[in-house]
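Each chain carries a letter (A, B, C and D) given by its place in the written order, and its residues are counted from 1.
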Amino acid sequence: MQSMPDASPTKWHLAHTSWFFETFILVPFHRNYRVFDEAYGYLFNSYYEAVGARHPRPERGLLTRPGAGEVNAYRRHVDAAMSAFMNTAEAATWAKAEALVALGIAHEEQHQELMLTDILSVFARNPLRPAYRAADDERPQDAGRGKASDGDAAGDDGSFLTFPGGLYEIGHADGDGDAFAFDNEGPRHKVYLEPFRLAARPVSNGAWMAFIEDGGYRRPELWLADGWAVVQAEGWASPLYWERDGDGRWAQMSLRGLAALDACAPVCHVGLYEADAFARWAGMRLPSEAEWEVAASTLDPSGNTLGAGRLRPCADDRNDTGAPSPVLRQMFGDVWEWTASSYAPYPGFRPAAGAVGEYNGKFMCNQMVLRGGSCATPDGHVRPTYRNFFYPHQRWQFSGVRLAQDV
Amino acid sequence: MQSMPDASPTKWHLAHTSWFFETFILVPFHRNYRVFDEAYGYLFNSYYEAVGARHPRPERGLLTRPGAGEVNAYRRHVDAAMSAFMNTAEAATWAKAEALVALGIAHEEQHQELMLTDILSVFARNPLRPAYRAADDERPQDAGRGKASDGDAAGDDGSFLTFPGGLYEIGHADGDGDAFAFDNEGPRHKVYLEPFRLAARPVSNGAWMAFIEDGGYRRPELWLADGWAVVQAEGWASPLYWERDGDGRWAQMSLRGLAALDACAPVCHVGLYEADAFARWAGMRLPSEAEWEVAASTLDPSGNTLGAGRLRPCADDRNDTGAPSPVLRQMFGDVWEWTASSYAPYPGFRPAAGAVGEYNGKFMCNQMVLRGGSCATPDGHVRPTYRNFFYPHQRWQFSGVRLAQDV
Amino acid sequence: MQSMPDASPTKWHLAHTSWFFETFILVPFHRNYRVFDEAYGYLFNSYYEAVGARHPRPERGLLTRPGAGEVNAYRRHVDAAMSAFMNTAEAATWAKAEALVALGIAHEEQHQELMLTDILSVFARNPLRPAYRAADDERPQDAGRGKASDGDAAGDDGSFLTFPGGLYEIGHADGDGDAFAFDNEGPRHKVYLEPFRLAARPVSNGAWMAFIEDGGYRRPELWLADGWAVVQAEGWASPLYWERDGDGRWAQMSLRGLAALDACAPVCHVGLYEADAFARWAGMRLPSEAEWEVAASTLDPSGNTLGAGRLRPCADDRNDTGAPSPVLRQMFGDVWEWTASSYAPYPGFRPAAGAVGEYNGKFMCNQMVLRGGSCATPDGHVRPTYRNFFYPHQRWQFSGVRLAQDV
Amino acid sequence: MQSMPDASPTKWHLAHTSWFFETFILVPFHRNYRVFDEAYGYLFNSYYEAVGARHPRPERGLLTRPGAGEVNAYRRHVDAAMSAFMNTAEAATWAKAEALVALGIAHEEQHQELMLTDILSVFARNPLRPAYRAADDERPQDAGRGKASDGDAAGDDGSFLTFPGGLYEIGHADGDGDAFAFDNEGPRHKVYLEPFRLAARPVSNGAWMAFIEDGGYRRPELWLADGWAVVQAEGWASPLYWERDGDGRWAQMSLRGLAALDACAPVCHVGLYEADAFARWAGMRLPSEAEWEVAASTLDPSGNTLGAGRLRPCADDRNDTGAPSPVLRQMFGDVWEWTASSYAPYPGFRPAAGAVGEYNGKFMCNQMVLRGGSCATPDGHVRPTYRNFFYPHQRWQFSGVRLAQDV
C-alpha cells in the first residue's frame, strides 16, 4: 500500500533493502552468486540511474506481485548469501566490500525507519484510524507519546544554552576510527559561527497550540512566501495528523492510533515552512546545522547522556535535573529537528565512486537538513554528524523544531 | 490495490455490494437488523449522495483496514440476513423490497465483471505481467482468447446484414413479465431509423493491425478533435494492453497473462475515440444504439443462438454455419460494442424513487453507450435492451467495435 | 488579450477570418493571388489539420506581432482580392468557389459574435469591470439588458405551448433554394417525437434567483454527476458574471459594465450543467434539439414574428399580446438555448470535401447543442435549423435556458 | 502581454514601480497627496501582504484596462509628486523617507531589467521571432552579442585565478558611507573559506556546444536528481532560446532577434540545474557566493576595471591583455552567474521594518544566489555584495556560469 509518491509499501522496503545487498555486494563480489530473480532489479531499484531502468516510484503500490511470501523468500536468499560471503570472503575481496556492507546495514536501518513513517501515512488516511501498536505497548515507537503530567509544556520553560562564537570544526573525519558515516557527513571542515543560543528542549505541542490560537496559520507575515503559498493551497491549519474532535479538542493520529494530544510532548509532523513560521512568531529562528552539531558535540563528547530525556514526560524530566545549569534534552531519538541549512555538499565533498555515489550527492538541492533522529530511528543509528534531509513542505516524517537565537 | 481512480480494489467491490444490500434492503425493511459496522457506510458507499458522505474514490486503494477477513465476515453477515429476510418477509414488505433485491443482484453481477476488469488493470501495470488464470484453463474468462486457426481474421470477410428503415420500438417495457431491467432501459418508445447495415462480426485484431500499419494512430483526419488530442497527450499507438516484443510482434496482456496477439479474435480494450477513428478509416461508421438493439431483437427473438459464436475461433465459427445467409455473431459475451449514441434518457424516463434513483440517471452526460456484454459479463446478465456506458477515452473495459453502414 | 484557452484575442479573430478567405478561396481559385505573409498560415489557422501546423490555441494571446496595423493591412489586402475575384471570376471557377464564399461569410459572422463574447470574458476578469459600450447606448448588444418594469419575471408566468407527437422532418434540405446552411444542419431527416410542451419564454434572472435561494447550487440531487463535480471544483454559486454587492444584491457584468441584475431579463451565461439542474429543480426538462426545431418551424413558417419579443422588457411583451393563446417569444437573438441533445451527426451526414470538412464534423463528441442565437449573433445569421454547440461546462457564451415538459 | 506567470507585462512594470513610490513614500509622508486611483493598489501591488489584497500574478496579462495612456498619466502624477516631495520635505520627514526613496530607485532599476527579460520571453514565443532592437544598434542590450573573431571560445583557455583560504568578511556593512544596498546584502560577517580557484571568464557558448555534443542533456549521472526530472519533463536539450536551423546549426533568440550563435560569447539563459551539470561534466564545481564576492572584492577594490571586458569579443579581450597574470573578466554586466549557495539570510539578518520588510526576506527559501549582473542590468546598479536569486529551474533571466575548483 502506498499512500503517496513520497512513501513506499512495506513489502517494497523489504525487497529494496535486500536488492541493495544483492546489487552492490553479492553480484560484484560473491563468486557464483545466483541472482534471485532478474526482474527484481527493475522492480526494486529506488533511484540508481547507473544500474539501469526502474519501476516508477508513484507506482510502487501497484505491485501485487511478487507477494509477501516471495519477498520473504528473497530476503532469506540474500541473507544466506551475505552470511556465506562474510564468512568466506578473502581478505582482498573483503577490503573492497567492507565499506559497502556497512553502507548496506545503515541503508537498511534507514528503511526500518521509513517503514514506520510510511505505515503511519497509510493508516492516517484510513477513516477507521487503525493503530499499528496498542496504546499500552511499552515500546517507544511513536514520538512524544509519554504521559502528560502537570500540563506544563516541554520547551516552554524558556531555557536556552549559550555557545560562544568562533571557528569550529564540524563533520565526520575520514580517519575517525571504525565509526560508520555516510559520505555526506564529511569532509570534516571549519566553519565560523557567531555566538548563539539553543533551546534546551524541542518545541512542545502545547506551545504549538498557542501558535495556532494566535492565528499562526492565518498570518502571512509569519511565513516564507513559498510556505504561505502551500498553507493556502493545502489549507494547512495544524501539524499533519492533528485533528479536532466535535468539542474542539485536539487529537493526534500516531502509530498507536488516534488519541488526545499530549501538550508536553514535542510537536511532531511539521514541515520546514511551519518550523520557520513558528520561530518567527516566537521572535527566534531555527539553528543552522553547524550550530546544532557544535552544540551536540561540545556539550557531551560521549554522546550518551544527551538522549537521557528520550520519551520521558516533560515534568519528570524537569524533576530529574534540579540542576542549576540546564542541559540539552531530547537531542536524539524524539523528533528530527529542522535546521535553517539547505542540504549542500561540504567543502571538498566527493561522492563515493560507482553507483552508490548516487546515495546522497544528487539530492543536494532544494532540501533542508534535519538533525538528531526520531522515535522511529533505530537505536545507535544517529550521531552528531548525521544529516537527514527533506523538502520544506514534507511533514510525514517524525519532524519537529528546536529554536535558536542570536546572542 | 487500485490501479487508477476508474478502478477499485477487489476487497472494495466485495464490501460495496454487501453494503448495497444492507443499505437499501436490510436497514429499511428487515426488522431488528443490526448494522455490521457503522463506519462501513462511509467506506463503501460508491456515489449515493442521498445516503451521506463517503470515502473519496481515488483513495479506495488506501484502505488496508478492514482486511479481507473482516470483509468476508461482513459478506456472511449480510448474506445471512438477506436469507432470513427473504424467507420471512411479510407480503406487504416483500412487495416493496422485491424490486430492490433484484436490483441488488444485478448490481452484484456488474461488480463481478468490474472485479475482473480492475484486476487486469492492476496486473497489466506490473512489469512481471502476472496471469490471473493459467493459459490452459478452459473457462472463458478473457476476450478473444480462442485459438487462431487459419489466419483469416474474424469480421474481415465483409459480411453485413441489411435492415429496413422505418418506425421501431426499442427499450424495456414496464409490464414485460418478470424480466429484470435497469431503469435506464425504459420506457419502451418509438424511434425512426433509416435503412442500415450491420457487420456480421466485431472488428478483429487482424483488421486493427492493418489500421495501425496504415498510420491509423498518426493521421488526424481520421479522428474526432477530442480524440486526437488524447492520442497526442497519451501517446496512444495501439489498443490498451497491446505491446510489441523485440521483434516487432504484437502481444496482448489479458487475464491469462501476456501472450501473442490472436489476429482472429475481436479487438478489445479500445475506446470510443479509437472505435470511431477505425470506422472512419474503414469508410463506415458505428451503429446507433437503436440500430444495434433493433438488429439484436429482430434477428432472433429468443436471444439464445446469437451468442453461439462466443469465444470460438473465427474459422471454426465460419465452418459452423456454412449457411447462405450470414447471421450476426458474437453479439453477446465477447466484447462490449461501442455505439455512436451518447448516453441519454429515453423519452419519458423517470429515475427510480429514493437514493437508488442515483443508480443510472445522474450519469447521463458525456458518456457513450455500449451494447452486448463482454467475456467478463456474468452469463444471463446481458440482454438486447441493456445499456452500458463509459467515457469516450476509457479503455480498461473489454470493449470492441462492430461496424455499420448506411444503405 | 486572451482570457482563457476557449477565447481568442480580437486581433486574432480579425486575422483568422481573412486567413479563411485567403486559404480556402483566394489561393486555390484566384489567379496570381499573392499571399500576404507566408507566416500567417501558421499563426491564424484555427484547427484545420489538413492545411498544416498551427500556433497553439492557448498561446494566441502571446502574439504581440503582427500588430493591429499589420492585421488591418492584411484584411484590406484580402478584402480587395476578394472583391476583384468576385467581380472577375469565370463561371466555372465561380461554380466551385461560390459555396466557399458563402461559408466564409457565415464564418466571419460567427467570429463577429465570438469577438463580443471574448471581449466580455477579458473585461469581466479585470477588477475595474470596464464597459465595452456605454449603458445608455441604444444598440442591443448584450443580453437581457431591457428595462425592468414591474418586477414580474419573464418566463415565470407558466405559459407553455403544446405540440403533438408524431413523425417530423428536421434539418436543412439540400435543394432548399439559395439559403445558406452549415453542413451539420443536414441532411433533412425524419424523427419521431412524443407529444411535448415548450415554455413560451426563456427562464428569467428572477426565476434563477429563486433557484439560488432554494439552495440550487448546494443540492447534489439536482445535478448530473459530472456537473456536481464541476460545481464543487469551481465553487460555482451563480451564473458566470453574477456577483453580489456588499448588501447582498446581485449585479451582472455585461458588455455595458457592471449593473444591477434585471429580474425580467432572460438568464444568461449558464452552462448545460446548470440548465439541466434548473430544469430538474423546476420539475421539468430541457427540450431536445428536434423539439426545439419543430416548435420553431411549425409555429411560424415565416420565421419573422417569433423574434418579436427580442430584447423587449417582459411586462411590455405581455401587454403587447393580451391574446388568449401564447406564442413563443425570444426564440432568436436573446440567448442561445441549451438543449438536451448531444451534438452528433444527422443520419447520412457527410462532411464537406477537403479541409473545410473539418469545420463541424470533427467536433461531434462531448458537446451539447444550443439553438436560437443570442444578442451577440449578427442579424439574419440564425435560423430554425442552426446548430450551435459547446461543452456542458462552458458559460462564457450568451447562453440561457428554455424549459420543456412531457405531455 | 504576459508570457508566463514568472514574467509581467511592460505596462504592469511601469505602473508597479510608480505604485511603489506612491504607497511607501507619498501616502505615508507627503502631506495632501492625492492617490491617483484607489483601484491601482489592488492592481499593481506585487506581493506585499501587509498592504492588502492584490491581483493574481498569473493574470497580470489580462489587464487591458488601464491602458498605456492611463499608466503613463499615473507615472507623471507620481513623478511630479515625488519631485515636489523631495524639494519640499522637512528634514525630519526626509530622514524617515530617504532610505525608502533610495529603495524605490533601486526597485525601479530592477524592473527596468525585468522589462527586458520579460519582453524577450514574449518575443521568443512568437513564431515570427521579432527583434526588440535592430541588430546593428550599438547599445549593448543583449548578452554576448559581440562579434566572433577567431573561433576561440571565451572561457575555454583554462585560465583560473587562485585565492587563499582563511577567514574573510563579506556582505554590506551598515555604516558603509552613502552607498545603497538591499537589506539582504548585510550584515557584514565572517566566513571561513578553503583555498579555491575561480575561472577568469564565464563559460562560453562554444564550451556549451561541446557539452551538448558530449550528451550533456542525456546523461543522468551529470545532474542533480531534481534537475534530471526537469530535463525529462520539459525535454530540455539546450539553453533556453537556442534553436537549430534545418542544417543543424545553432541560432539564438535575443533582443536583437534570431541570429547565429556566437561561440565566443558567454552562455546565457541556463538555469542552476544546467550550470551544475555543466560544472560536473567539466570536473569542476560552481563557486559559493562567498567565494565569488571575495574574488570580486579582493582583486579590484575600485571595482572599475573588472568590467572592462564587457561585451567585447573574446579574442580582442585576450589581445588586450597580453599580460602574464590573468584577471577576472566579465564579472559584471554580461550574465548573472549562478552560485552553489542557496539564498538564505546572513547571520544576524533582520528584514526592514514595515511592509518593505517583505522585499527580500520572505523569499529566502528554495532559491539560489546569482552574482554579477547581466547585460540588461542598469549601469551602476550592480556591486560585489549584490545578491540576486532565482529558482534553480528558471532560465528566462540573462544567467550564465563561471566555474570554480578546489585547490
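Descriptive notes on the structure:
By our rule, a residue touches a chain if its C-beta (ideal position, glycine included) is under 8 Å from a C-beta of that chain, and two chains touch if they have at least 3 such contacts.
These figures come from a predicted structure and were not determined experimentally.
Averaging Cα atoms per chain gives one point for each, and the point farthest from that of chain D is the centre of B. Separating the centre of chain A from that of chain D, both taken as means of CA atoms, is a distance of 36 Å.
One inter-chain figure worth recording: chain A and chain C are separated by 59 Å, centre to centre, where each centre is the mean of the chain's CA atoms. Separating the CA-averaged centres of chain C and chain D is a span of 48 Å.
In chain B, no residue touches at least two other chains.
Two chains count as a pair here when they touch; such pairs are A-B, A-D, B-C, C-D. The residues of chain B lying in touch with chain C in their complex are 47, 49-50, 167, 189-192, 194, 220-221, 223-228, 272-273, 276, 340-342, 344-345, 347-348, 358, 362-366, 392, 406. Those residues of chain C lying in contact with chain D across their complex are 1, 3, 39, 42-43, 55, 59, 61-66, 122-123, 125-128, 130.
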